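See the structures that follow.
The same subunit A turns up in both complexes below, where it pairs with subunit B and then with subunit C.
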Partner chain A sequence: MLKCTINGKEIEVSSGATIMEAYHKLQEEIAYYCWHPGLSVAGVCRMCMVEIEGNPKLQIACNTPVAEGMKITNESEKVKESVKWTLDFHLINHPLDCPICDQAGECGLQEFYMTYGKYNPEMGDRKVKKHKVVDLGSQVVLDTERCILCSRCVRFTEEVTKTNELGIFNRGDHSEIGTFENRPLNNKYAVNTVDICPVGALTSKDFRFRQRAWYLKEFETTCNGCSTGCRVNVFHNQNGLFRVKPIYDEAVNGHWMCDEGRDIYKHINLDQRLRHSKAGAQQVPLEKALETAKQALKAAGSSAALLITAQYTQEENQAILDFFSNELKSSNIFYWKNNEETFEDFDGLLIRGDKNPNTQGLMNLLKEKSASGSWKDLKAKVESGQIKTVLVAGPEMLSVYPDLNEKVTVLSKTQTIWLSTCEHEFFDQLSLQLPVSGFAEKNGTYVNYAGLERKIQAGVKFVAEALTLQEIVSAFRGANVSKTNEVAL
Partner chain B sequence: MSVVKRPSSVSQWYLPGIFVGLYHTLKALLYNLSHRQKMQTLDYPEEKFEYSPRFKGTHVLTVKKDGAIRCTACMLCATNCPAQCITIIASEHEDPSVEKFPIAYEIDMLRCVFCGFCEEACPVDAVRMGPEWQIPGISGTNFVKGIDFLAFRSQLKGGISSVLDDQERHGQGI
Partner chain C sequence: MESKLLTEHYDKESFRTLKGYQELGGYEVLKKALKMKPAEIIATVKESGLRGRGGAGFSTGTKWSFLPKNDEDRYLLCNADEGEPGTFKDRLMMERAPHQLIEGMIISAYAIGSKKSYIYIRGEYTYPIRVVEQALREAYDAGLLGKNILGSGFSHDMDVYRGAGAYICGEETGMISSLEGLKGQPKLKPPFPAVKGYLKKPTIVNNVETLAAVVPIIRDGAQAYRKFGTEKSAGTKLFSLSGDVVKPGNYEVTLGYKLSDLINNEGGGLKSGRKLKAVIPGGSSAPVLTAEEAAKATLDYECLQQMGSMLGSGAVIVIDDSHSMVDLLSTIMHFYHHESCGQCTPCREGTGWLDKMLHRILLGEAKSQDLDQVLNVAKNMMGRTICALSDAAALPAISFVSKFRDEFERHLKEGFKEGKSHAQMHH
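Presenting the complex of A and B:
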């Protein structure tokens, strides 16, 4: 361990640590563009200048290792002056098209200009014009004029995805980021380059121009796209959810997430949701639907069956399984496993073939209840007429359940109560559908593939009638549903 | 502190007051009939009062030289609007030098408080408030005005040109 002093505060860091890491450990402010904790050190932006006592010249914090007894500051006039004019150089060819730039509001250039800049530009020459709106691939758009050549995106494709699509071409002030001929940026982690871009050079096609950054609020939750369970921030406002960005979680996803996971917000928005309970294609009041469901299950008693997917939180699973084993005394619990062939797939970075967020958690609970039924068992029992009433805790993400149609066709012959977040035309064959909350509308826990528990958080509530499984179970037990709904809000 | 004056016994004799009032009305009527040129009132709606060009009346969306709308859909006006009456939907433009433009720009005229903050916030002189001061309508009229009205209504005679031109700025190397 080495001792050093940063801005007058003493701190111990492990040997080999850089001054930048010491700054982050102390949570002291320091300006930087090219440094990123998940990437190698490039030292090209020259923004992280610090003054070291006894050293006549300023040093960059990101590439200078801490030595014993170092006295470091970035609050002196000398450092501030240096950062100010470095920023002026970064902005020489910057087009300043903030009004049409998606990054405005969360842009590194804007931020540091307000902290360190506030100068009058002294550049007399004309700006170098480069390419605008360059289509890099299926996900990302590049604006080479806005780019400050920090090379974060290039290092990302080189070090993290190891696909090497991006490079810096040409020389001097004509340098620009680009892809090679016929090799677009089409890897499955491409949108991470948008996240790490400190300026508006890389923008996401999905999010482009849909909202300004300052209209969005965010909340922290866990991605429900696959069993990896990355920690993510979901951005939303009163019009819906708009984007998903990863949060650092060392044990799960590091700094990154996949592009598939970026789409998980879409099914929470109103246009895809099941907004009312339905009997067949007919809309029915929620209280009436819950009463019908309750009567049907109570009447069936121990012959009632539960078909469960691994898309619900641990708390919800617990509630519904307890209701079946304790109240209905039914042991007809069946597990619906989707895409069995690709279940164990793993791409080596983050994406797993198991497209359910809580498979591990559900398995643990099913083992406790010693329930081992699968879809095949249920199908046989339904077709032989042994089971006449089925409660389906249906998938939240319909897109990862390709066998949906087949299941619905079989179950449409019996009395089926289907709990669903999203609407689907097949579901109108079923005797009853109840709307349930999506992952952004409830609190709970997912257990990921490695058995790590991660919380999800209720940040929005778009469908007033949507309930969690706990609420549905308590309604079955006789609680007033409108009351539970109020509590949820 | 409010002081309530009790009516005096004199003021209870209201008839003299009425005759004084009628005298003034008659005087003004006769004066106006004999000096029609000096009359303060206008024969609305045939005659309309024109405010100065700096008056903050009905909004105008300016246009570029090619006649397309100047607005870049940066949403600064909508952000700055205290009445939250501006709705903009942005979209991608085919021309990379334009990049972003509004496919819908709507102002709810009944919510607008005509404060002029939108005009102040606009970085590209795309929205202005003009000297027109009346937006007539009958029952059922839609007062949420779109681009057709804001930029191309007949009174604007083909649109008002913006003073800020991107082509010129690019030419100057800005």
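Presenting the complex of A and C:
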């Protein structure tokens, strides 16, 4: 351990730590653009200048190791002047098109201008003209005039995805980020470059021009796109969910997430949702639907069956499994495994073939209940007439259940109560459909592939009649279910 | 007075061939060196006071001693990129005495324990490249390179690498990047090349003239070398004298020689009827000296540093009263704008900004406050970047504008008088 003093405050850091790391440990403010904790040090933006006692030359915090007894400050006039000027150098050729820039409101240039700048611009010469609206690939658009050449995106494709699509072309103030001929930025993690871009140079095709950053609220949760379970922030307002960004979780996803995971917000929005209970194609009131379901299951008793997917929280799984084993005394519990051929796939970074957020958790509970039935077993029992009533805890993400239609076709021949977050024309063949909450509308726990528990959080509520499995079980037990208001929480 | 320690035989055509070089004692010093202990050679070079001739003037022996003391593979790189405007001495050395460089390099490589070296020559030097490559073939054929050199047990391979003509590739870590096949951009330090350089291995980068100077130092000993020059600037140095003198060219003189003597004796003085206005003593990045300063200056590291300038690469550019300082600075600024690699923000943006301001000033589309703005921008580009290019651009801007402010002010009022300028042609 090494002792040093930062802005008058003493701190101990591990040997080899940089001054930047010491600043972060102490939560002292320091300006930077090119440094990123998940990437190598580039040391090019020159914003993180600090003054070290006994050293006449300012040093960059990101590449200077702490030495024992070092006295460091970034509050001296010399440092402030340097940061102000370096910020000005960043801005002299910047188009200052904040009113039409997607990054406005969450832009590093705006932020540091308000903290360290607030000078009158002195640049009276013509700005450098560069390429605008450069299509980098399927996900990302580049504005090279807004770019401050921090090289974070280049380092990301070099070091994280190792796909090397991006480079800096030309030199001096004509330098531009770009892709090589016939090699667009189409890797499965491309949108991370948008997240780490400190300015509005890289924008996401999915998000750009759809919302102003300051009209969005956010909440932390866990991605339900696959069994990795990346920690994410979901951004929303009363009009729906708009984007998903990763949150640092060392044990799970580090700083990143995949582009597929960025789409998980879409099915939560109203246009895809099952908004009411239905008997066949006919809408029925929620209370009536719940009563019908309850009566059907009670009548079937121990012959009632549960078909369950790994798309629900641990709390929900527990509630529904307990209801079957304790109240219905049924051991007809069957696990619906999707995309079996690719289930074990892993791309070496984050993407897993198991497209369920809670397979591990469900497996643990099924083991406790000694339930080992599969879809094949259920199908045989339905076709032989042994099972006549089935409750399906259906998938929230319909797109990763390509075998959906087959299941519906088989089960439409019997009395089936299907729980679903989203609407599907096929479901109208079923006896009963009940809307359930999506991942962004409930609290609970997922257990990821490695057995790590991560929480999800109710941030919004778009469908008034959507219930969690716990609420449905409570209703079966006789509780009154009141409709919640359809508002973003 | 010229002191020809390195250039004594440069006028002999045969000196560039192995046979001719050996007839004049060539590779005898290598034989002597191979019998010495490597540490002895390093100590001798340190003691000789030899300082890097590429521009920075850092003690060569000290630089060598930064290498880790272990068996790790290490590289010796000869910097023959010679990009500093006004400098053309390395070119002469490679054309006239390629074997002197090769001999110096083998001795240096033996001293630092390197099995492989590269001579990084700027791409525009097509002729020196041919000469050096020819000399390397001769040296290999004579067993002076390759396995077990002269039966000493020491093996060493040497190659020429052609640069693509970027100023920044003369910066040692920029050169290393280029040699690695990357874009020529300086690397962040630490780690320094002596610890982690070419291919992440310990690496020493030395200028052509520095490596060649190792030959007389080992031949005659450190004390003999120290007899030339001053206490802090030992030995002789080649100066590339250019500009408004009668006899421009490369001249080897002892360090500490008077600048005015170089101009008037070796250079044959100014053209008749002309008055000295200014001298750039160490390449375009060295702050300009006024005629009064030039009259007092001696050509050594300490004197020029004291005057706020530097010896640099030894490129002395003489400026007489027929030139506009505005025009010259504008040309220099255009050069640095063009050559900034663009990594560090203050340099990338600052060099462009200075270039644009100087162009406006040249065209008379500026006010007196713009001169202050030039000083302000330049001052804030200094000491804040990975390499010295930003400072190299800022220093001439500051020295030209502050030392010749009157001329700049007059130019803004009265406009450009000396006809079409170089800078106007560039733009």
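Note that in this section the second predicted complex is superposed on the first by the 482 of 489 C-alpha atoms of A that agree within 3 Å, B and C clash if a C-alpha of one lies under 4 Å from a C-alpha of the other, contacts with A are read in each partner's own complex, and residues count from 1 in each chain.
Heads up, the rule we're going with is that a residue touches a chain if its C-beta (ideal position, glycine included) is under 8 Å from a C-beta of that chain, and two chains touch if they have at least 3 such contacts.
Being a predicted model, the structure only gives us computed values, none of them experimental.
After overlaying the two complexes on the shared chain, residue contacts for A:133 are found with subunit B alone; subunit C is out of touch. By the touch criterion defined above, A:186 lies against neither subunit B nor subunit C after alignment on the C-alpha atoms of chain A. One of subunit B and subunit C touches more residues of subunit A, and that partner is C. Using the contact criterion defined above for the overlaid structures, shared-chain residue A:214 touches subunit B, although it does not reach subunit C. Looking at the shared chain after the overlay, A:57 reaches subunit C, while subunit B stays out of its contact range. Within the superposed three-chain model, A:93 lies in touch with subunit C and out of touch with subunit B [touch as defined at top].
Once the two complexes are laid over each other on the shared chain, residue contacts for A:125 go to subunit B and to subunit C alike.
With both structures placed on the common chain, the touch criterion links A:331 to neither subunit B nor subunit C. Residue overlap on subunit A between the subunit B contacts of one complex and the subunit C contacts of the other covers 125-126.
Within the complex formed with subunit A, the residues of subunit B that make contact are 72-76, 79, 90-92, 96-97, 99-100, 123-124, 170, 172-174. Note for the complex: subunit A touches subunit B at residues 97-100, 104, 125-127, 129, 131-133, 208-210, 212, 214-215.
On the subunit C side of its complex with subunit A, the touching residues are 166, 168, 183, 188, 190, 337-346, 348-353, 356-357, 360, 370, 373, 376, 380-381, 383-386. Taken in their complex, subunit A has these residues touching subunit C: 41-47, 49, 57-58, 63, 65, 81-82, 85-86, 89-90, 92-93, 122-126, 128, 148-149, 151, 168, 170-175.
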